[in-house]
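Report on the following structure.
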Amino acid sequence: MITGIGTLVFFYTYSYLKGHVYLDRFYGYLSMFMASMLGLVLSDNIMTLFIFWELTSISSFFLIGFNNEDPKSRKSAMLALSITGLGGLFLLAAVILLGYVGGTYSIQELLSQSELLKASANYNWIIFLLFIAAFTKSAQFPFHFWLPGAMKAPTPVSTYLHSATMVKAGIYLLARFTPVLGGTAEWNTTLIIVGAITMVYAAIHSLFRLDMKGILAYSTISALGILVFLIGLGTEEALLAAGVFILVHALYKATLFLITGIVDHETGSRDVTVLSGLRKVMMPVAVAAFLAALSNAGAPPFFGFVGKDLIYEATLHFGDWAYVLTGAAIVTNICLLFAGLLAGYKPFAGPLPKQFEKVHLPHPTMWVPPLILAGLGLVFGIFPSLIEKSLIQPVFTSLVNNDTIIHLKLWHGFNLVLGLSALTLATGVLLYWKLKPSNNLLRKTFKFEILSPKTLTEQFGNLFSNFAKLWTGFFQNGYLRNYVITILGFLTLLLAFRLYQGVNIYIDTATLTDVTIYEAIVVIIMAASIIFTVFSKSRLVAVASLGVIGYAICLIFLFYSAPDLAMTQFSIDTLTVILFVLVIYNLPKYKSFSKKRVRIRDGILSIFFGTLIALLTLEVLSEPLNRETSKYYAENAYILAKGKNVVNVILVDFRGFDTIVEITVLVIAAIGVFSLLKLRLKSIEKE
Amino acid sequence: MELLLVILIGLLYAAGIYMMLRRSMVKLILGLILLGNGANMLIFLLGRIVKGKPPIIDSAEKMFTEIYADPVPQALILTAIVISFGLQSFAIILVKRAYKITDTDDLDELNTTDEIYE
Amino acid sequence: MIKTRFLSNLLLSLIWIAITGTFSFENFLFGFVLSFFLLWLTATNRRENKYFNRVPKLFAFVFFFLYELIKANIEVAYDVVTPRHFMKPGIVKIPLDAKTDLEITLLANLISLTPGTLSLDVSDDKKVLYVHGMYVNDKAEFIANIKNGFEKRLLDILR
Amino acid sequence: MTDIIVITLSTLGTLFILLAAIGVVKMPDLYLRISVTTKAATLGIGLILIAAAFYFNDPSITARVLAIIVFMLLTAPVGAHMIGRASYFTGVKMWHKSKIDELEGQYDPKTHKLKSEDQTPTEDENPKS
Amino acid sequence: MSTYDYLYYIILPVLSISVLIIFIRFLMGPRLSDRVVSLDLLLTTGIGIIAVYSIHTNQPTFLDIAMILALIAFLGTVAFAYYLEKRERND
Amino acid sequence: MKTIIFKTASTYLLPLLILFSVFILLRGHYLPGGGFVGGLIASIAFIIHSFANGLEKTKTIIKFHPGFLMPIGLAIALLSGAAPLLIGQSLMTGLWFDEPIAVIGMVGSALFFDTGVYLVVIGVTLTIIFTITETI
Amino acid sequence: MNNPYIVLPVLFQLFTAVLLLFFWFRVNTQRLITIICSLTSVGIAIWLFSEVYNNGILTMQAGEWKAPFGITFVADIFSSTMVLLTSISGMAVAIFATGSIRNARLKFGFFPILNFLLMGLHGAFLTGDIFNLYVWFEIIIIASFVLITIGGEKAQIEGAMKYVTMNLLASAIFLTAIAILYGMAGSLNMADLSGQVAQIENRGLVNVVAILFLVGFGIKSAIFPLYFWLPASYHTPPPAISAIFGGLLTKVGVYALLRIFTLIFIPDEFLSNLLIVMAALTILSGGLGAILQVNMRKIFSYLIVCHIGFMIAGLGIYTELAILGAIFYLIHDIVVKTNLFLISGLIFKLKGTLNIEKLGGIYKKYPKYALLIAISLFSLVGIPPLSGFWAKIFLIQGGYQEGQYTLIGFILLGSFLTLWVIAKLWSEVFWKESVDLPKKINVKYFSELVPFKQWVMIIPIVFLTIITLYIGLAAEHIIILSKQISYELMNPSVYIEAVLGTQIETP
């Protein structure tokens, strides 16, 4: 089916887009799309299935957006991709979950795991994810709204997408998993409800459209609803009906789309209120259209009739809810009939307006494919057995997973089903005569748009975007101090929590070294300088005070046996002071910018953090320390490394690599300073 | 003495962080330096301190004969000090450059690169 | 010129021995080579002074300096520890006989090193030295003290 | 004997440093503080270092001590001169009881020239306060 | 009282107290020059403390640090003086 | 800064300090010191000189841009660290001459390494300070 | 097994950098050296990778000091893979830079610094010593500081202020963590620490230290709520620099997290949950940020954040499968993100702006480039079978195994937001009709470049695209590789044995 319709579309496109500069590109996308669809259908591995599923989404994105310089076209492509892409992710989740629960990615093997899957705690999750995936792809309520937008694509594409393939991928998915996951109350009820709502909702919607493509899009959604609905019914009759209806729908909808394309191509309009009488200029097209409309209407002896019969039979035999469901099906079919007439009959009937007199028949490659498709609708209707074995049976078998042999008949005799069909036909035709579509009416329906899923989704999108703004604006607010406080607040909280969980400080005073007066004074001076640095009103005084801190540290290093450190600290400290002094005098005034409240908050946070570090330090001090490394160094420094200053031996030998990296850091810093100060880009070099 | 050093370390960390939270670029740098000093002192203290016994082998000996200070933390601190010197120099110059370009010490005025539209 | 260069070189080598604390020929040689290199490195076109034949005067000067240092220190100490200040501070201009940079620098440093006086600056034409004194009871005496004490002895040695 | 020398020298040295410390707090203006501290401290440190040289009684250490002293004698007065001069030129005032200021007006902040002209202010002219 | 004790109980404390006193001037200011002067003195006193400490711990090695201190302590003073003059010029 | 006193003093301090820095460098393996502190002292010597005499004067003394010391020092450190690789030993393996050399003591790759550090530190410090001074 | 040559990638970069420093003023010589040396370094990395792949973990004890005492370098599959990816990205960026970076910047050390940065990255991946890791991190950040500010334009400086501050903060936290770790365990060798830390009785303390490492590395990897520096700065320097940043810098943080939290600190329940929450919010924050932006490079910056979340998610789930996913994602992301930033550079040269509202018409005017770019863009989205897709499967599987449904939800949300953003980008930049932008005098347009420069800009993009395609289409190779890495990580005893077990005789 995919390849069949696909080939016809190829021919059709040839003429339709003749002269379009990117024809080859279009064919590229189209082939990719076809290949993906084929892959999707043919794959037994659900992961592969997912891959192809995504590929159909992405290629349809490119197809819908093909007229990429038209903003509407881009917008539709985005919308379609958003919805189907979202669905794709749900499918991914579903597929992996299935694989995880079922232990395999093969559908064949999953079939044998069916009971296990259904009993699993994750069953509801699986079907939920799967449903979302299928509903988005197959444009089920409330995810249907991307499909009318996809009309923006060049016609053959819409055709292909809408009628035959991509949207059916969702149906295919549901059908394919019915034997694996179906048959439970959750499965069936959800599908019935969603399917029913979709088919009725979309069918009613199609009544008010004026654009031929719009009409067809909504009727397609409705048809998809029917299919979901049928799969949801789950009885053998329903599944048979589904199988047949897929084909029925594919045939007439493809025809109608192609015809719409021709009309659009030749007349430049798709508005049904404007179009009329075109049969006079393009008879073969009119014939095809009329045939398709009849098949759509389910008039005997068309194939559509076979399909509709099966649907009614399925609903009628469905237990307690039979009447409600049949009613829904009837309403849907009436509307669809109306829509079919509007699109397939109206443009060709009546008088030919003056503006269309010069319209002529396009190249045969354009009108022959629809004619063939429409003709098939008639042929299959009269001789259903033609496809019974070859097409319907395998589909059906895979759906129900047993060996029931099916028989399709055009004529079942006079029965309730026939009566309902007649009722549908009559009401539909009546409706067509009474209800004249107009802009007025369309506008009235806009009032309900506020509640439509599309609007709601858009609103949700706006809400989401506002949320994004709020979130991003809150965290990424541009103020460095806020970033720092967030990070430190986070760290402090975690540290406090973890310390609180596991803290038990005890200090063995015997192990501590004594405090002498000179040390105490150094500590006092250092503490005072720290505080002085923080609160000093002058930058230079702060720098000088920083120097004092450094010198005090130097003394502490000295007292506690680190002469190398003391030397280095002292030299570095002096250099830092020099650096500051050299840089600072052409810096701006040193001000306190923040409010008192902020300062108090920061003060509390920093004191808290400092206390945490101090507590942590105390805790570590009470732990025993493994001294093996330092013992090894002490023993081998002279004997093996020929040095007596163990610190230096570590620096140039034991851990010499640190040092080489360290001097590299210095070199980079120097280059950085050099370029930062010396490099002045000319305005012509600034990018 | 350890207790006093613990207090100093806590103070250095607290002061460093408090300075980092200021809006002045110069204070920010000062804060980073204080923080670096705190970390160095922390390594020093947690390597356990020993008084008056530098890790230098006596000229007559081939290895230590008595207690000595752990040389490892000292080597680490030395490396850390030098590295922070490099980083600090760069940061100081960056501040200078930032001031030259924006003509302010107020970090709050350096927030255009985070805006959505630019 | 060559001689003074050589002397500086020698002096630096000796300092090298002093700070390394190893008295050996090799060490001296090493120090010599090193300081030769350094002198070459740092040589500018300034005029070198010959100072080696004034050793005795140098020694006398050192003791004079130490004496001044201690005496003045005690004087100042008294003022510092007692609550009242007896000082009469001021900045005085001292005309210079010292001519070369080295002479002026040494003089200024010596003045600074003795308590109660501090060389603030030298005029651009090197004619006068501005000195801050703690006890400028009499300006003329203050100037004379410096000129007859430090400057004269110093110049004796240097010239 | 060594002990006595060490104790005497270190005590004297310490006293001079203490003196400098008190001086730096007590002296009424910057120039006086510089004046008092530079030398007192240099002398004090010198004495203490010599004490150390006596204590260790090792030529290499003595040499090192001498080196430190030489360094200090070389740098301390220069530092004092630098900061004193810079302070004066940036307008640090002298103590109000100062007697005389012959430097006043000699420095040209625009050209950074320091003059030596002999239009010396008369002795009893009030110093700048 | 041994030399050791004398240094430990008398000299070091007195030196430390001197440091504390000098530090008071550092905190008081009032001008940058005053702080620079006291910083310089602080470092000089530090040399003394180091010298005494090296006697006290019998570690002549520490005298090397005193040497470095003596050499470059003065650089800080020079830098601040440099700053004061430069700032003057830029005004 | 135009002060004769400082200028003159700095002319004498420069060789003295460099001498001292070499001393510190060479003794690092046995006593406190080493390439890092040595390098810092040497650069401080030049910084003092530049403060007193102006950058141009100091530059003429050094005769080339101090930045060149950085790759040279790095190369020395790298070579002395990587030399063992040539004989199939791990990086940074100490290689030593058998006999001590006068003054310096044992000469090994560690000393070359430390010399590299010394040069890099001088190059870095001077590049930073000189660049700042130039662009003030 | 001991092999002294495993540090060659590091040494060679250092050698290159030093060599370049000697040719400071000779920009064209620098270009030549860069091209030759970057190709060589890829060769070395390939050699290292194949050595490790064939012989198992290789170690090098610097100075021949036996394991916990000297600095150990370890090349396991993970680190050698990272080295390989680094040199590949580095090569692409270096070559791209020879064409795209202006001479003014090249005269101020761009190439040496770039090589220093690569050296730092190699070192960080290869070292087996925690303090040495710190030192490598410092090289990385200082080199990145210099690169991000080189040129010193206002935006660069503003971004750099934040970048510098937060990276220095991270370093301080990292150093604090090392201090405490050494204070507890007395060792710095990571393999040794693994055992030492496990023996510490005071688990509360160990947990606290783990937090410090988490936050320290977390800042570097740009996890929520520590990522703020990234969107503030990554778009400010020239694109070649953004490319190396976007591709590699955050990844080294992720690498460190993966290492530390599989080798030394095995996450307890709290930490796992914390990681998962952080991962989820990282994904969310990155995604939300990305959909708002209009500057291409800012979009990519936020996407970096978003996708870091995926990797952290793998760590948070902490199963072999999930970590496999994280590793796969890491491998994919390095190549793709580097390429995307290079692409942004190309687009800038083509059109003179990166504002997607102003851009347009690339598809029409440069169809071949568009196709080239599309591959990277849609790889990032994870359109199967392109590279971004495979990692997610394992992450989600891992999530199911551990019952982390919410996290899976976030992963899907993140994927969706990425999809949406990239589709929008595509639609705006490539599809939209192009408006005539005023010629900027300060932009050297692609068409104005000499052919050599045009080629050196296109070739790296093509090269990286081919690798991307390889990762996606030959995913089984990468899966096998990631599986081995993840196995290595989850069974650290192999690593520990390789480091501590084969002790060499000291000289």
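Each chain carries a letter (A, B, C, D, E, F and G) given by its place in the written order, and its residues are counted from 1.
Simple rule for what comes next: a contact is a pair of C-beta atoms (placed from the backbone, for glycine too) under 8 Å apart; a residue touches a chain by one contact, two chains touch by 3 or more.
Fair warning: this is a prediction, and the values are worked out from it, not measured in the lab.
The fewest steps needed to get from subunit C to subunit F, moving only between touching chains, is 1.
Of all chains in the assembly, those touching subunit A and also subunit E are B, F. The chain with its C-alpha centre at the largest distance from the centre of subunit G is C. Central chain assignment: G. Criterion: smallest distance from chain C-alpha mean to the mean of all protein C-alpha atoms. Subunit G has its Cα centroid 36 Å from the Cα centroid of subunit F. One inter-chain figure worth recording: subunit D and subunit G are separated by 58 Å, centre to centre, where each centre is the mean of the chain's CA atoms. Between subunit C and subunit G, the centres computed from C-alpha atoms are 62 Å apart. In terms of their C-alpha centroids, the spacing between subunit A and subunit G amounts to 26 Å. Contacts with at least two other chains are made by residues 14, 21, 62-63, 70-71, 131, 135, 138, 142, 145-146, 149, 152, 161-162, 165, 169, 176, 180, 183, 188, 231-232, 292, 507 of subunit G.
Residue positions 469, 472, 476, 478, 480, 484, 488, 559, 563-564, 567-568, 571-572, 574-575, 578-579, 582-584, 586, 613, 617, 620-621, 625, 627, 629-630, 633, 640, 644-645, 647, 651, 653-660, 662-674, 676-678 of subunit A each touch two or more of the other chains.
Residues of subunit B found to touch two or more other chains are 16, 20, 28, 38, 42, 45-48, 51-52, 54, 56, 59, 72, 78-79, 82-83, 86-87, 89-90, 93-95, 97, 107, 110-114, 116. Pairwise, the chains that touch each other are A-B, A-E, A-F, A-G, B-E, B-F, B-G, C-D, C-F, D-E, D-F, E-F, F-G.
Contact residues on subunit E toward subunit A in their complex (touch as defined above): 8, 12-13, 15-17, 19-20, 23, 26-27, 29, 32, 35-36, 39, 42-43, 46, 49-50, 53, 61-62, 64-65, 68-69, 72-73, 75-76, 79-80, 82-83, 86-87, 90. Of all residues in subunit C, only 12, 15-16, 19-20, 22, 24, 26-27, 30, 34-35, 38-39, 41-42, 44, 46, 101-102, 104-105, 108-109, 119, 121-122, 124, 126 touch subunit F in the complex they form. Here subunit F touches subunit G in the complex through residues 67, 70-71, 74-75, 78, 82, 84-85, 88-94, going by the rule given at the top.
On subunit F, the positions that touch subunit C within their shared complex are 2-5, 7-9, 11, 14-16, 18-20, 22-23, 27, 57, 61, 102-103.
Residue ranges of subunit E in contact with subunit B, taken from their complex: 53, 56-57, 59, 61.
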